[in-house]
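Paired with chain B in one complex and with chain C in the other, chain A is shared by the two complexes that follow.
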Partner chain A sequence: MTAVTAAETAIAEPDAGVRARGVSLGRLRISRSRAIAGAVLLGLGFIPVVVPHHDFWMYIGAYIAVWAMLELSIVVVTGFAGMISLMPFTFVGIGCFASGVAVSVWGWPFWLAVPFAAAATVPVSIAVGAASVRLKGLYLAIATLTFGNALGETLFKWNAFTGGQQGHTIVRPKLGVLSFRGDFSFYVLAMLVALLLVWMVHGLKASRVGRAMLSVRDNEREAQALGINAIKTKLTALVIGGAIAGVGGAFYLALLRTAAPAGFQSPYVEISSVLLVVWAVIGGIDSAFGAFLGATALIVQQQVYQGVGERLGAWLGLYAAAILVVFLITRPGGLVQVVKIQRERIHSDRIRGGIETFVILAINVVIVYLILHFGK
Partner chain B sequence: MVLATAALPVVEVASFGLAKGAVFALLALGLVLIYRTTGVTNFAHWGIGLSGIVIYFLLTSKAHTPTPLAAIISIVACAAIGAISYRLVFRYVKRTNQLVLILIALGVAQFFAALTAWGFGFEPTTIVKPWLPVSNIKVGTAEVQSTQVIAAVVAVVISLLFMAWFRYARTGRALRAVAQNREAASLAGIDEHRYSMIAWAIGSALAGLALLLIIPHTSGQSGGVITTGDTTPFGTFLIPAFGAALVGGLVNLPLAVVGGFIFGLAQEMLILAPSPWGGLRSTIAAILIVILLLMHMERFFVARAELEALEA
Partner chain C sequence: MAITESDLKPEPSAVDEPALRTAGLSVRFGGITALDEVAVEIRPGEIVGLLGPNGAGKTTLFNAISGFIKPDAGRVLLDGNEIQDLFPYERVAAGLGRTFQHVKLFRGLTVEENLLAAQHRHLRSGAVAAMLRLPSWRRDEDEARERVEQMLQMVDLRPWRNRYPWELSYGTVRFLELAAVLSLRPKVLLLDEPATGIQQKEVEALGPLLKRVRDEVGCAIFLIEHDMGLLMGVSERVYALDFGKLIAEGTPQEVTADPRVLESYLGRTRRVLHSEEADGA
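Our next item is the complex of A and B:
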């Protein structure tokens, strides 16, 4: 049962066992893992400069950026505050259609619609929180699952909000002379916003509020004994997570240019919500970078397996479920933890660590190949 | 009052509500059994039950097995699937960490959603043949489908048998011992993992039976229709089934069955309600669930020690 115990400590303290080795940049202390993660993310930002401007890849890049924003809301709610919410995609929908109404009905500029989308999620977050913040664990999971379902039946069937069966169609934004209409420029915009959000969520984790969330997650009674208002902290997490999902929703609409309400009604909203939660866990649920890794892994796979056609969903589902279970039992810190562990291994023994990392990568390539080859 | 209500098909609607309630009741029984013995909120319950339908569908359409035989085989297969899920996955998860437990249950739910979509061959709609005798029974002036009556009766009989078994049979008593105190049970020579596996097998078989009672009979003689909306992690039944289980606080078996019928009837009878209230139909389950969650029903039914063991 050692694996399980390891799993539990790592969920509680994902950084346990990883020594802090950092680079000092004046006042800023950045640990090396963060420096590497930052470099990788920056690298992603420069792909379009290096790679020829192929619209398809730009679209995928923008997709990854938007999906990372959505994953970030789960990092805050579930990863930091430890509340299982099975309705993240409902908040995305609220952001999506709030910005849709603002842009296509009221004629607002997109830049005003984004904060409006974030604000629109707040009353829902508070309502959900008021009803469920005292619930723990599985009861909260059931409650949020139910709310997502019920909002899909009511809010997302309200034509004034959703724009009817067709949904809303918007034009991607422009800023002065800068136009973000093309896939390339929109990719740059979405990636910048996603990185900004990653930076903010990362900062949140170290802030007073964020640390309060972590302590409520780890032991609510202890946190209360230390003077932390657990209810307030949880509500804050829900509101912040909802607002991030709302911003993500606005960009989701801009990315797709059109969104229909059916995707936010039962049972599709549940599929998307579970997908979001599962991939947030695979990425690394309590790390802002994990959200990015999870989103990248998901979207890249979706695109790689596009050739498999309709079986894509099934393969991805099977694969994701298998990975999730294996990760939760052996590497609960997700991809972030895998990266950290492999980095440690390479550091302590260059040859063996290197071979091991290579084998892990090779196995992944083989899996992708096998699925592509036999999936048809 | 001389209203048009007399013309409304009250009996037909009630009978469909009862059939639905029967399905929720059987699903809730399985949820309660699995939760009490292993502490897992089984979000994969729908997926496991639907795997039974996949096997039934493949047997009847591809292998031309007689339908009642196929139904029995698929119920047994469901039991095996449940036992395997426990043996391969849930056995290795400590029940003290609910976050991990729920996430893994979600992963398994997604696994079965994908598997069932594959099993039905990714068709937008699939027709499943009926296996119960389909006819119309006259009740007064109304006509009621025989399968709905059978579903309700079977659900009640099976739940009574199951509850008696859980209370008096040796295996049932051992299961209760595991639920109440794992350590004491294992000290008394009860193999915790073996009985957890049995609980998963029986819970999953009940899920398979529940879905087999309703899904192949939704459109009478021509069978039942499975859409892509069904091959999703929670389908359309899991939320009300959780609601039903919550009537007994996820721990009480008889109230879970009662809850099933409450949810089934409430959802269907609201069709008959006058216009502003009819809209409640889609949200009634959510409203009831939130009320039940806030009432913390479980505190009425189990000893404090068991509750703490479950919610650790």
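Our next item is the complex of A and C:
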């Protein structure tokens, strides 16, 4: 009896030893060094709040917010429900041009165009859902890649929808006396919407529908044996994921102010879709918080490559690719795993894990410095 | 905390109606007849065993009853209602629960989350309620966690609540799967070789547990089992299946003494031995 009680206590209070030196975020407890590592990465998107009207950071912050919305759609479809869809950027395009038509042709206010953009993705989600009844894994991936390509040649060549080669140009929204036309105010709006969506997707995971998605992902046969309608569950995930991508598409258009259909045709649509999936995995594919981290890392590294010039960018890119391989082997859960304590890890491992993160960060900073210094 | 009967017992069945009945159930795979007009009857609260050599069609029968295989002919009745045209998840709603020969459950979910997932059919709240944290979501979560607490208690899995299935012994995962399927509050429970791959000590605990489940949950149990000690110990009646046909039915003693049953197990061995002798000569 005492053995069981002791085991129970140990499991119920796994962090009793480190809590004094850690940070508590609700049920999630984080060691101090990991909290700092996480805060540094997460904080990049929020620099404009501290340093407003700095063009470079405002641009980065707004991009992070919009890409976080796009990544969240992959968290629901692939991370939760386990369907590898390689056409997420097509959904972004549908949201983008649906809101574009609504605002620039029909003269709707942006606030109505956003839900319209979300709704416009539903027919395509249902089509993918019909395919997912029969196709799984790699086959669904190929089917969706092809479907995205086909829509690029049809839907995104329909001038009434896309507004022709030039696409749509919209004016950023206003809400009564509040204007989001400036870069800073639009950044604040996009970031608030992104965080709202993170909160919503996070809530979905710990719910009846979210757990149904996770169980269909892990074992479809067992899920059905436990009374879960696998087809309906997958369809729900696709519709929610598509709607989030649609909302993201509307904000993508508002961010850029203008969008042309070429970006949603082959080969750009495939490249962007795969890029989205890749960075969702790096962030942590089944975590809403991870989607945000993934988007931050993606945007920041793109800026670094552009900032250092072509030659150095190539060397840094090669180095980053090598790091990524090591990272995905050691942290299959993604960036969010760097921050989050793994329940199965024992106490001493956890502290070492925190120090490890810092040592790795420090080594990387030194290598990047060396590349920048001698790479010229 | 004791499990109250009202919490777990399914709706009372109609009088004299078998809990589960199959009639003329046939399944063919290409030219092979895997099930040939199988008719079984399980009465409410009864524990019935299913015997047969490998390849006799036992798991196929379970798959046809639970909807994972579409039968070519025949009917499946649960409480007198035809269910042979329903999807597997709809049969769960009708009161059927089953386990699998090779248990995996959901490897990305903890023990507690696995059991929460099994509460699906008792909950109602939708995706929007969860995303906006509406009161209906909160009520569902509270209710689900309370039920999971009861199930963890029932199968003694509380110390493992935050562990993943792949961290546990195979036997523990079997008990977890049993807890998950009992969460459905089934009227009829199909168990496919529950003792396979688990330690002898756990096999011995399984017999009394199944009887307790039957008494507390009030469900009928139909089980495939190769462990004769367990099967003889818990079953009130036994069916024997060979080449997709029912060849015997009766008390465990009657069936295991039936010459056709012995032939189905031993005859084949004898034929194999003979053919080996012939090869050697």
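Here is the rule we go by: the second predicted complex is superposed on the first by the 277 of 376 C-alpha atoms of A that agree within 3 Å, B and C clash if a C-alpha of one lies under 4 Å from a C-alpha of the other, contacts with A are read in each partner's own complex, and residues count from 1 in each chain.
Throughout what follows, a residue touches a chain if its C-beta (ideal position, glycine included) is under 8 Å from a C-beta of that chain, and two chains touch if they have at least 3 such contacts.
The structure presented is a predicted model; accordingly, all values stated were derived computationally and were not measured.
A.B. asks: Classify the contacts of A:I228 with the two partner chains as first (chain B alone), second (chain C alone), both, or neither.
C.D. replies: A:I228: touches chain C, not chain B.
A.B. asks: Once chain A of both complexes is superposed, is A:M58 in touch with chain B (first), chain C (second), both, or neither?
C.D. replies: neither
A.B. asks: With both complexes overlaid on chain A, does A:V336 touch chain B (first), chain C (second), both or neither?
C.D. replies: neither
A.B. asks: Who does A:S215 touch here: chain B (first), chain C (second), both, or neither?
C.D. replies: The answer is second: A:S215 touches chain C but not chain B.
A.B. asks: Tell me which partner A:L155 touches in the superposition: chain B (first), chain C (second), both or neither.
C.D. replies: A:L155 sits against neither chain B nor chain C.
A.B. asks: Between chain B (first) and chain C (second), which does A:V124 come into contact with in this model arrangement: first, second, both, or neither?
C.D. replies: Neither: A:V124 stays clear of chain B and chain C.
A.B. asks: State which residues of chain A lie in both footprints, the one left by chain B and the one left by chain C.
C.D. replies: In chain A, residues 4, 7-8, 11 are touched by chain B and also by chain C.
A.B. asks: Under the stated contact criterion, what part of chain B meets chain A in this complex?
C.D. replies: 41, 43, 89, 92-94, 96-104, 106-111, 113-115, 117-118, 122, 229-230, 232-236, 239, 242-243, 246, 250, 282-283, 285-287, 289-290, 293-294, 311
A.B. asks: Under the definition above, what is the set of chain A residues touching chain C in their complex?
C.D. replies: Checking each residue of chain A against chain C gives 4, 7-8, 11, 14, 200-201, 203-204, 206-212, 214-215, 217-219, 221-230, 236, 240, 286, 343-344.
A.B. asks: Using the touch definition up top, name the residues of chain C that touch chain A in the complex.
C.D. replies: Touching chain A from chain C are residues 66, 68, 87-89, 92-93, 97-100, 104-110, 113, 116-121, 123-127, 129-133, 137, 140-141, 144, 158-164, 167, 180-181, 183-184.
A.B. asks: Okay, in this complex, where on chain A does chain B touch?
C.D. replies: 1, 3-5, 7-8, 11, 78, 82, 84, 86, 131-132, 134-139, 141-143, 145-147, 149-150, 153-154, 266-268, 270-271, 274-275, 277-278, 281, 310-311, 313-318, 320-322, 324-325, 328-329, 332
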